[in-house]
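Below, each structure is written out as structure tokens.
Look for chain A in each of the two complexes below; its partner is chain B in the first and chain C in the second.
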Partner chain A sequence: MYIMPKSQARALAAALAEEYDLYGPVLREASGEPTFDRVEDPAAIRLEAAIPYNPPKSVVFPQAERVLSYRYDREAKKAVFVRDDLVRPKALVGLRACDLSGLLCLDRFYLGQDYVDEFYRDHRKRMFIVANTCVRPFPQCFCVCTDSGPAPREGFDVALTAAGDDYLVEAGSEKGQALTRRLGLKDAGPGAAARRAAIVDASIASFDGAAMENKAWISRVMNRITTGFISNDVWEYIGDQCFECGACSFVCPTCSCFNVEDIDSREGRTDRVRSWDSCSYEGYTRMAGEHNPRRPVEDRRNKRFFCKLSYSQSKKYLRPGCVGCGRCNRVCPGDIGIANVVTYIRREITKAGAK
Partner chain B sequence: MSTRTGICNFCGTGCGHLLDVAGGAVRGVFASPDHPVSRGRLCVRGWHIHELLSTRERILAPLMRRNGRLEPVSYEEAIAAAADGLGRHAGNEVACLASPRASNEDNHNLTKLARTVLGTPNIGLSSDQGHGDAVDVLLEGAGFPAMLGALTEIRDARLILVVGGDIARLNPIVGSEIHRAARAGAELVTLSSRSTQIAKLSGRHLWTRPGGLRPALAALAKILVERGWHDAAFLRDRAEGFDDFARALAGLDLADLAAASGLEPAGLEDLARRLAQAPSAMAFFTTGLAGLDRASTALLFDLFLAAGKIGRDGCGVNPVTGICNIVGSYDVGATPRFLAGPRRAEGPAAGRTPRELLALEPTPLRALLVADRDEEIVRHAAKLQALDCVVYVGAYENPFTEFAHVVIPAATFAETDGTYTNAERRIQLNRRKVEPPAGVHPAWRVYADIAARRGAAWPAASAEDVMLEIAATVPAYAAVTYAGLEKGFGLQWPVDAAHPAGAVRFDAAAAPRRLRFVPAGADPGVPAVSKDFPFLLMAGKANYFWHRNNIMKKTRIPRREYNALLLLYPQGFVELAASDAKALGVRDRAPVKVVAAGGSMRVAVRISADVKPGTAFVPYFIEDMVPGFLNAAGVTIDEDQDSAIPVRIEKG
Partner chain C sequence: MSGANPGAIVTVPAIAVVDEVRDEIEDVRTFYFSFEDPAVGRDFRVKSGQFIMCTVFGAGEFAVSLPFSPENDRPHISVRRVGKVTRALHELRAGDKIGVRGPFGNGFPFESIKGKNVIYVAGGIGLIPLRSSIVHVLQHRPDFGRIILIYGSKSSRELMYRDMIEQWKATEGFETYFTIDRPEPGWTGPVGFVHTMVRPADVPVENTVAFVCGPPLMFNSVIKELLAAGIKDEAIMSTLERHMKCGIGKCQHCAIGRTLVCTDGPVYTYKQIKTLGEQI
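Up next is the complex of A and B:
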């Protein structure tokens, strides 16, 4: 463990900017709301900002990405393929623990199974991650219920924990070690680990008062969702409130579903574009032969919460599919962000228990 | 990822978004967390606007028809051909169709081109009828021709009445605000002839028969007034015409109205009482497609006026526009019924829409300029083909260019500066975020160049200059500047010396004149079924898909969703209640024949819980089907209104 004065954070970002494209939390000019964005000026990164409105997902999984381009030569009967290779090394500075957990979920989906997704891999492989402990929770947070925070545990190169005027700095990789050396950081001394643990414990303890969703009953609801003992009325109540906008998928740090489409141009070039998709759309599960196993909206919603909260799905991610960031609650035009859905299911559990 | 703040260009909600711009192109979109209306939400359309902005189906070069084919020409040639072709005609020989999606600056210049250079009052908007009626009623009743309340005040309303179309589908973020208000304790009531999502989210759904909105609103007003539940003190201080209104209501029979509406008198009475007792109340209705007719709009206004729910906190009669800049298009006078303001056009200043001119036999029209036409359905195709000159100005490829002699490309909203006025009168500035393709100009510039070719030198050199002209023309925009708009998220008109920061809502206490009851006019009655034609057929929008429009098909995910429905019902569908389908002996997707007095069509059955037994619904958006049937049958069924025709449905 090292120690670094807070004033040196800018130097840390500037050092990374020499090698990497910088991304981090910035504040919108009009309102001061934080978003996660590409940053040209290292000074624009605001480590103290609340959870950004958008997750860092689009850095590794862009909303729309050309994965292939080809041109078919009719006379030669040959297709010429062009592969873009514009992927630049990226540094994500100030990643919150929930978002880092989300990234690790995406890793397991895209890299950890039989098939390795090379486009995702290219974005991911030359990456430097500076994680940031939440020394206090934000009102939307429930990472303590989903085992994804408030402190980062793995997957970072460097992790920062604010401690007074300083950051306690933990190196999580060779690259991270090299950066601490380059910045000339001092060793934080023998009590540092305990000091960090105390800060994290205090943060966890303050969820009760500061975070609105901290009693989200995630584990009880996981049990219910996994075993399927949830009445149709509850799903219909949830389905009626779904505006089918797709926002919950788009803001979710772990949602990885995509659609692939070939787009022809008049000049004869075809682009293969992969874009974010969402299980809230009817067309998402439509199959050949016009069969759709999840046509009613409540069936589609049920699919989402199964994906986020069932045990069978968690086995794939090695953790729950929800990282407790609370973003879906904020963007939902209905009132069916995950914390609310957990509440609706909990209500049913308590009602059943009362009988 | 490098995001820039902007305003969504689809519907009249005017949500804030963040466009992800990199390498001179739009790569993505994200909801803007800080916009005062959308507060971090977008709908399925808004979440895919980057797909439209990055489509390859753009018009990239000026084109002219030569030997029957459109061929690339220089910009100067195209401008000259357009100016000469349009300029050969005047009066009723020429007309312009403005786009409700275009900026105030574009539509100001097009209006100016039509009225001052081409010398015609014939400037229309596509999809304008329903909103025109709302403007008319609100102008007459309140002197305030747009939403009287505010979208940002929905959470202050204790009772919310949604009338007609499904606001949760047409303007999802407005629907969301209404839903959130209801979750927080407001009473939500829907009055509609079909079950809709907002009806499902409502505590009460008064499910009328088709054509029943107007008698239902008249019944509510009659009950409210005759029980003495109206707000007498408010009416005494702020309104005029109440005695005439009460007299007109006295001539109506409550039992007849209830029967015509298909509602129980007790349910109507209950709603009238709740409306009177609520400390604040708002009415919402969508305009344009699936909007209300003028009489229903007038009755709704009068009902709320009688209840004292106008011009106060958390109150208002609120038309919600389906396309981003319908309100602004009216403000700058891009319509034949109104001049800039909007104020009523009288005498020779009142014109006709291109559609009205084309419907005349024979049509006087010889030349036509069309901007950004959204609809796929082309009426009067033969007459369009016979015109001497058709000019099309637009950003995207469009089937309408088949009729064009001259095609001039235009910049998209992300490629030029421009302002757009949303349903709550919020004038919002979209800045240029990417460069337009080489040789492509903003539409306001195209119109100025056509005017210049006709000898009119317009001084405005930028969109901001055009806004200064608008501010000098439209009193409610008098104090608008780009700098002022850019300080926050736009300003709600009136923005003038008395309201430099705009006005959130209409204020009855500060209004320059009294509120007036608006006569609804004679009752046309509701359509009746007979033994031969036992079903009432409604036509309207399909739930999911928006404005049956050309631009949604240039996206990927929304287009897929649209296609998912088309693939299930390739020949279109008619929605029937399960009990009716059973009585006919047909299953879902079975072919049936819909027979009206003048014609018939074959479609598939879609069994739906959203229509009541004895009624049927066809979505209007499927080309060739509904308009073909309706035109061939010689039947008029106005898609904009709560109207219906009697039909018979036969198996096979």
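Up next is the complex of A and C:
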């Protein structure tokens, strides 16, 4: 464990900017809202900003991206595919623990199943991650319920924990170690690990009652969702409140569904573009010829919650698909973010138990 | 049953030439193809029941089952014109190019069903994905018990692979039943829905597997008949279709229950289908 004054964080980002495209939490000029974005000026990064409105997934899985392009000359009967070069070294600075967990979920899903997603792999390789412990929870947070915070545990090159005017700095990789040397960071001394642990414990203790109360319920609800012991009434109640806006999927650090379209561009070139998709959309499962095997809205809602909160899906992520960032709760106009869904199902379980 | 197919073309499609286009039935055409690069063609090994992602240049990509046998059969796809991309495909003529990724999916069992009786039941264009297995099994006739095909369509004009059917009728040791929904002049075969042929065919029950493919209504009636005959649900298999974008388990559009049709399927046993919790 190393220690550096908070004032040196800018130098850390600047050092990374020499080698990497820099990404981090910044404040929107107009609204003051924190977002996670590409950063040109290392000084713009706000390590103490609240959870950014958007997760970092767009860095590895952009909202819309040309993954291939081709030229086809029908007269000459000639076709050529071109694979886009997506490899840019990227540094993610100030990643919160929930978002780091989300990124690891995406890794396991895109890189670790039957096939490797080569486009994702290209984005992900040559990446430097600076994680940031949440020394206090934000109002929407429930990472303590989903085992994904408030402190980062794995997958980072460097992890920061704010301690007074300093950051305690932990190196999680060779690359991270090299950065601490380059910045000339001092060893934090023998009491540092205990000091960090105390800061994390204090953070956990300050999560509000609802998050702590739900802690035990998440696993109970996961059990119910996995085994299917949830009545149709509950799914319908939840489904009835869905506006099919897709916002929950877009702000979710682990939602990874995509659509692919071939779009004609100028000069005889066609771009194969993949873009975010959401299982809440009516057209998600609709096949050519208008046949749609998935029933109306409650069927589709049920799909998302199954993805976030079932054991079979957790096997793919090696953890629950929900990382407790609370973004879906914040953006959902129908009050069916994950935390609320857990509450609805919990209510049903309690009611059934009382009978 | 899942796992990556070794040698599959995963990311950038391989370019193939459409060698011949043949009209099958109304709105359905067969496109014979070969790879531009012969080395790709040599490495392109399929199992019956697998599918590919086919690029129609300028229009997009679609998932399509492979009707040809893994051995000594011309690579082709048979496609109904139904949406934007398949409409564009139907515009193609011999000499045009397409893109191919795959093959993907688990495919029908072959080695593990040797020694068994095999029943095929197909309705309409449901014969397309079954064709690969039928041809493959017939190529290894001595390795199997009774081989039965029950195939029906609305009318004689809507029977797929007419030449192949004539050949099958004449194939010794292959019990075939071809039926159409309503009588028509010149038709001398049986008339009636496909499932009504299951009993007349006197299907074997022990040591038997059944492959079923067709529209949902036909599928459900056939399943009922097969189960009533005593065939177990794990011995009945079908191949499912879904909206697909990637073929490699990432886009998630083809999720049914806790499975993905592209990597866990497209072939499922009826026992699995029952537990998926969704319409097929």
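In this section, the second predicted complex is superposed on the first by the 335 of 355 C-alpha atoms of A that agree within 3 Å, B and C clash if a C-alpha of one lies under 4 Å from a C-alpha of the other, contacts with A are read in each partner's own complex, and residues count from 1 in each chain.
Operating definition for what follows: a residue touches a chain if its C-beta (ideal position, glycine included) is under 8 Å from a C-beta of that chain, and two chains touch if they have at least 3 such contacts.
From a predicted model like this one, the values you see are computed outputs, not experimental measurements.
Peer 1: Clash or fit: chain B against chain C, after overlaying the two structures on chain A?
Peer 2: Superposition result for chain B and chain C: fit.
Peer 1: To make sure I follow: the centres are taken over C-alpha atoms, the vertex is chain A, the ends are chain B and chain C. What is that angle to the nearest 10 degrees?
Peer 2: 80
Peer 1: Of the partners chain B and chain C, which touch A:261 in the superposed model: first, second, both, neither?
Peer 2: In the superposition, A:261 touches chain B and chain C alike.
Peer 1: For A:167, select first, second, both or neither according to whether it touches chain B, chain C, the two together, or no partner.
Peer 2: neither
Peer 1: Between chain B (first) and chain C (second), which, if any, makes contact with A:286: first, second, both or neither?
Peer 2: In the superposition, A:286 contacts both chain B and chain C.
Peer 1: A:79 contacts which: chain B (first), chain C (second), both, neither?
Peer 2: Only chain C is touched by A:79; chain B is not.
Peer 1: Per the contact definition in the header, classify A:277: touching chain B only (first), chain C only (second), both, or neither.
Peer 2: Both chain B and chain C are touched by A:277.
Peer 1: Applying the document's definition of touch, where does A:156 land relative to chain B and chain C: first, second, both, or neither?
Peer 2: neither
Peer 1: Using the touch definition from the top, say if A:35 reaches chain B (first), chain C (second), both or neither.
Peer 2: First partner only, chain B.
Peer 1: Under the stated touch criterion, which partner chain does A:243 make contact with: chain B (first), chain C (second), both, or neither?
Peer 2: Only chain B; A:243 stays clear of chain C.
Peer 1: Using the superposition on chain A described above, determine whether A:61 touches chain B (first), chain C (second), both, or neither.
Peer 2: neither
Peer 1: Once both structures are overlaid on their shared chain, how near does any Cα of chain B get to a Cα of chain C? Whole angstrom is fine.
Peer 2: Minimum over all C-alpha pairs: 8 Å.
Peer 1: Indicate the residue numbers of chain A shared between its chain B interface and its chain C interface, in ascending order.
Peer 2: Residues 259, 261, 277, 286 of chain A touch both chain B and chain C.
Peer 1: Which of the residues in chain B end up touching chain A in this complex?
Peer 2: Contact set of chain B toward chain A: 1-3, 5, 18, 20, 22, 27-34, 40-44, 46-47, 50-51, 54, 56, 168, 172-173, 175-176, 179-180, 183, 197, 200-201, 488-489, 544, 556-557, 560-561, 563-565, 567-568.
Peer 1: Quick one: in the complex, what on chain C touches chain A?
Peer 2: Counting only chain C, the residues touching chain A are 2-4, 10-13, 15, 17, 55, 57-62, 82-86, 95-97, 99, 241-243, 245-246, 248-253, 255-256, 258, 263, 277-280.
Peer 1: Can you list the residues on chain A that touch chain B in the complex?
Peer 2: Checking each residue of chain A against chain B gives 23, 28, 30-33, 35-38, 53-54, 58-59, 62-64, 240-241, 243-247, 250-251, 259, 261, 263, 265-266, 273, 275, 277, 281-283, 286, 290, 292, 330-335.
Peer 1: Of all residues in chain A, which touch chain C in the complex?
Peer 2: Its residues touching chain C are 68, 70, 72, 74, 77-79, 81, 83, 109-110, 113-119, 228, 256-262, 264, 270, 272, 274, 277, 279, 284-289, 293-295, 299, 303, 306, 310, 312-313.
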